[in-house]
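Scrolling down, you'll hit the structures one after another.
Both complexes shown next keep chain A, but they swap its partner, so chain B is in the first and chain C is in the second.
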Partner chain A sequence: MGWQLIRLYAILVYGFMFLPVAVVVLLSFNDSQFGAFPMTGFSLRWFEALWNNDAIMRAFRTSIMLGLLTAVISTTLGVLASLALVRYSIPGRNLITTMLIAPILVPEVVLAVALLLFLNFLGIGKSFTLLLFGHVIFTLPFVILVVQARLVGIRRDVEEAALSLGASPRQTFFSITLPLLMPAVAAGALFAFTISFDDITGTLFWKPGGVETVPTQIFAMLRHSISPEINALGTVMIVLTVGLPLLGAALARRMAMKRGG
Partner chain B sequence: MSIEAREARQPWILLSPALTAVTLLLFVPLMFIVVYSFWLRSAVGADTMGFHIDNWQRALTDPFYRYILWNTLKIAAITTVLCALLGYPAAYFIARSRGNKLVLLVLLMLPFWISYIIRTMSWINILGTSGALNSALMSLGITSEPIRMLYNEYTVILGLVHFLLPFMVLNVFVSLDGIDTNLEDAANSLGATKWQAFTEVTLPLSLPGLAAGALLCFVLAAGTYITPLILGGPRDAMFANLVYEAIITQLNWPMGSALSLLLLFVLGLLVLVYNRYLGMSQLTKGLG
Partner chain C sequence: MSAVTLTDIVKRFGNFTAVHRMSLDIPDGSFVTLLGPSGCGKTTTLRMIAGLLDPTEGDISIKGRRINDVPIYKRNLGLVFQNYALFPHKTVAENVAFGLKYRKVPREEARRRVAEALELVQLPHLGERYPRELSGGQQQRVALARAIVIEPDVLLLDEPLSALDANLRENMRVELKNIQSRIGVTSVFVTHDQSEALAMSDTIVVMSEGRVEQIGAPEEVYNTPASEFVAQFLGASNILPAQALGIEGGELGLELPGFPRLAVPASRAPDVQKSGPAKLVIRAEKLVLESPDSEANGRYSVPAIVETVDYQGQSARYFLRVGDQQLQAINMIDQRPFSQGEAVALRFRARDCAALPVDPAP
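Take a look at the complex of A and B:
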């Protein structure tokens, strides 16, 4: 009896989490011109409108560019730091970890203000550069946490075997360590990209006037009214941020299975 | 250089880019706004440097700021309690289910990957005057006029709970999943009822996870300004909205510095208390 009750409760919680998202997707296919109920018919016109909306497409390009650059920089910094933390015994390890995680312990608004004021003082005002710096520092802790967790699972003796068989440290890194590291690198990069792509709290502080990322564009559109285009945009974002990682995970699994079998 | 010395230097070479980044992009900027908060805003031109306590005096004594700070902590606390009430049983269900736990967990974490702004905005589709709920009520004939449900403190809390629930579920799940189920069976065989076994064994053992989830929910809720802007009315500002107003709208950067530091101190105090009793490691467990 008790278990049935917990199950019912859990199903309701799942419903609570998914209902709003389902409504967004449903409404994005609605033919009605008000972007609201009742549903008047199935239509792709809002996706078409999205495609023809210059402001949104520009925001998309900005977000993707920013996300990619953030992912590259943040993953590079994060992987190097994680290697040091997992592979070596270094004095003050806990302190260093706390320092590297600090950007997510500080409320994002505070981080946003501090970075804006300091870099502005140094002559870097609101700009793409500031956005990039902000996104890198904000995503770095997530990359480090994810990559560290994956690194622990890689056995050291494979590298030692390569070294003892005469490979140079450089050869060992590129032909042994890096391939083994790839899943961790990919996970870190994906995490950084998704967080950067989704960020709005810091972005609103850092972005120069006239430049919009997808979330700030949605935010600006919301100020007027909720148009059906926003729902279509929401559906695209859901596919991008949920579909792609899931697809990536599935592909990685297939590749791993092929290699294994 | 000897091999040992090179070996000893290597981790620092690997760490230096990341450490430089957090130093230059976080720690130095934080120290900088401490200094900045003592400057004064000038009507024209650059802010006046110096040591003026005016901003701090206002931040700490202005009744409006104090009211907003209090209100922010209240909203964050209610959000946290609701997340715990909704999240704990769900996490328990996942941890003790005989089905595929990973799929159940990933399913509940999916919304976590969906854009925060989309999830927040989606409530307008449900609760708005032409939203799902109002159309349902009207087509059932329960009301003839749409009911105004949006843009108040309740919808702000609703949006925050929806945003933060995955953090709670994940943390509680991690700690529940680590508990040996034999302990509950042992309690049962020693004569405890199922409920007793839960309250005496499982619940206390899972408290670290619950505390970590609660801390995350509270800190993230108390630092938000987007949710109140989208789902709140004009009177539902939270403390981070004051910071946003000062920095972006009024361009009063010295005041904005003081306000953001105040927020940092209040939330930092909470993190320190938590760290003192439970340690930081529990917090990072959930992400691994």
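Take a look at the complex of A and C:
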């Protein structure tokens, strides 16, 4: 009896969490003019409309470009920072780590306003570069956390063995450390991409006029009306932001298994 | 010619001195062991030779060339670690071939040399496996193959057997020594295990608290310890306060309570020249327990009482009382061990004794 209740409760919680998502996905295939029930038939017309909507496609390209650049820069910086923090004894290591992780803890609005005010103070206007910087700042902690955890597990004597065999420190990094670090690097890059792709708070503050990312575009569209196109866009976003990390995790696991990491 | 020379090496970490002014000459082709308890500076010394640590003072030369400022990857050394340190993402063959890649060895030759090295460590068919598919002993053989395939000037071994279990460790010890003497590579071996050191070395360097206590062949270090520390660290020894009576006719006279007057060969007491307080050293396995009514046959005989028996199967360790002193003896068991409270005669020969000064010679 008690277990039955718990089971029911669990189902209700999951329903509360995922039903809205399911509704969005379901309605994106609805033939009706209105993005609401009842469904009048199966159709891909809203996806087609999406494809033909220049504003959305532009936002999509912006988001993907922004996400990829964020991932590349954030991962590179994150790997370098982790190496410095784990492999070398630098004064104030704990303080630096805390500072690098801090953007996760500070409310995003505060961070967004702070960066904006700071750059205004310096007389630097809004631009795509600023937007990119902002995204790098708050995806970096995730990369550092993932990469650091993995790096701690790579034994120092493996690198020392490579050095003793004649590989220079750089060759050692590329032939030993980086390959062993790869699952974490891939995971970090995926985190960075999806977080950047999803972000709306910071982006609203930092984006220059006329530039829209997918989330800000949806936000703008919602202000006028609830078009069924938004359901279709939501479905595409879900596939990208849920499917991609899952795919990445599966790849990373397979890679780790093959390499015995 | 000496393969490795350390001249007045000092290593400090902040205020802590890990190695005090150490000098050592390692002849070409020899197997030298740095032996001591943890924290004695043996691994620090090895890491300085390897180039993983810089000496605070002093010079390190390999084959007559000063290498203080040569980075590790240009020193041409083979390094074997306690935890194997194989590259987990590379196959066994790729692991072994790693060093050859940076020596620009042509591919065909590299393949041949990898095969030879794996043959030498008796793992000829495992080239395609990954390290995690091998047992600990096999992994350490691969690590050895990887270190010797580059034909290093010196092979440095940092407790390579410590992670293996007891039986395997003894087999590997014999095999490692065989491989070393076959290829004739100069080797520096670090261990805290005295039996490994005694079994494998040409020369043992006993270290304690960053200082060299004694350098010598295994028999020398074992039979004529230069200090109380060496006597205690290598096997079980009885160290008893005694009164030296001076050397006469190549023999040092010693007096101690409960014992007859002893005449120890002067060669076994190199640091005790004059009369005065000294210390008598007798190894536990050189004290033979016999029944009091048996013949001494020219050996010294001391009456004793068995206090405790530590039975170990083929041998037994006895704790004995002589006067107000406790001694220990390790004897093979012939039929049955002596029992607690039994009166026995301790028999030993003059040449099994050694004498040390009270304050170890500087």
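General observations
Convention: the second predicted complex is superposed on the first by the 241 of 261 C-alpha atoms of A that agree within 3 Å, B and C clash if a C-alpha of one lies under 4 Å from a C-alpha of the other, contacts with A are read in each partner's own complex, and residues count from 1 in each chain.
In this section, contacts are C-beta pairs under 8 Å (C-beta built on N, C-alpha and C of every residue); 3 or more make two chains touch, one makes a residue touch a chain.
Model, not experiment: these values are computed from the prediction.
Judged by the number of chain A residues each one touches, B leads among chain B and chain C. Applying the stated contact rule after C-alpha superposition, one finds that A:L180 touches chain C and leaves chain B untouched. By the touch criterion defined above, A:M57 reaches neither chain B nor chain C. In the superposition on chain A, contact is made by A:R155 with chain C only, not with chain B.
Shared-chain residue A:A167: touches chain C; no touch with chain B. With both structures placed on the common chain, the touch criterion links A:G234 to chain B but leaves chain C unconnected. In the overlay built on the shared chain, the residue A:T194 is in contact with chain B alone; chain C does not reach it. By the touch criterion defined above, A:A220 lies against neither chain B nor chain C after alignment on the C-alpha atoms of chain A. Under the contact criterion defined above, no residue of chain A touches both chain B in one complex and chain C in the other. Across the complex, chain A is touched by residues 50, 52, 71-79, 81, 83, 85-89, 98-99, 102-103, 130-132, 143, 146-147, 150, 156 of chain C. Chain B contributes residues 10-12, 14-15, 17-19, 21-22, 25-30, 32-33, 36, 86-87, 89-90, 92-94, 107-108, 110-111, 113-119, 121-126, 128, 130-132, 135, 139, 162, 165-166, 194-195, 219, 222-226, 229-230, 240, 243-244, 247-248, 253, 256-257, 260-261, 263-264, 267, 271, 280, 284, 287-288 to its touches with chain A in the complex. On chain A, the positions that touch chain B within their shared complex are 2, 6-7, 9-10, 13-14, 16-21, 23-24, 27, 34, 36-38, 76-78, 80-81, 83-85, 87-88, 90, 96, 98-103, 105-111, 113-119, 121, 133-134, 136-137, 140, 142, 144-146, 148-149, 194, 197-198, 200-201, 204-205, 214-215, 218-219, 222, 226, 230-231, 233-234, 237-238, 241-242, 245.
Those residues of chain A lying in contact with chain C across their complex are 155, 157-158, 160-169, 171-172, 175-176, 179-180, 259-261.
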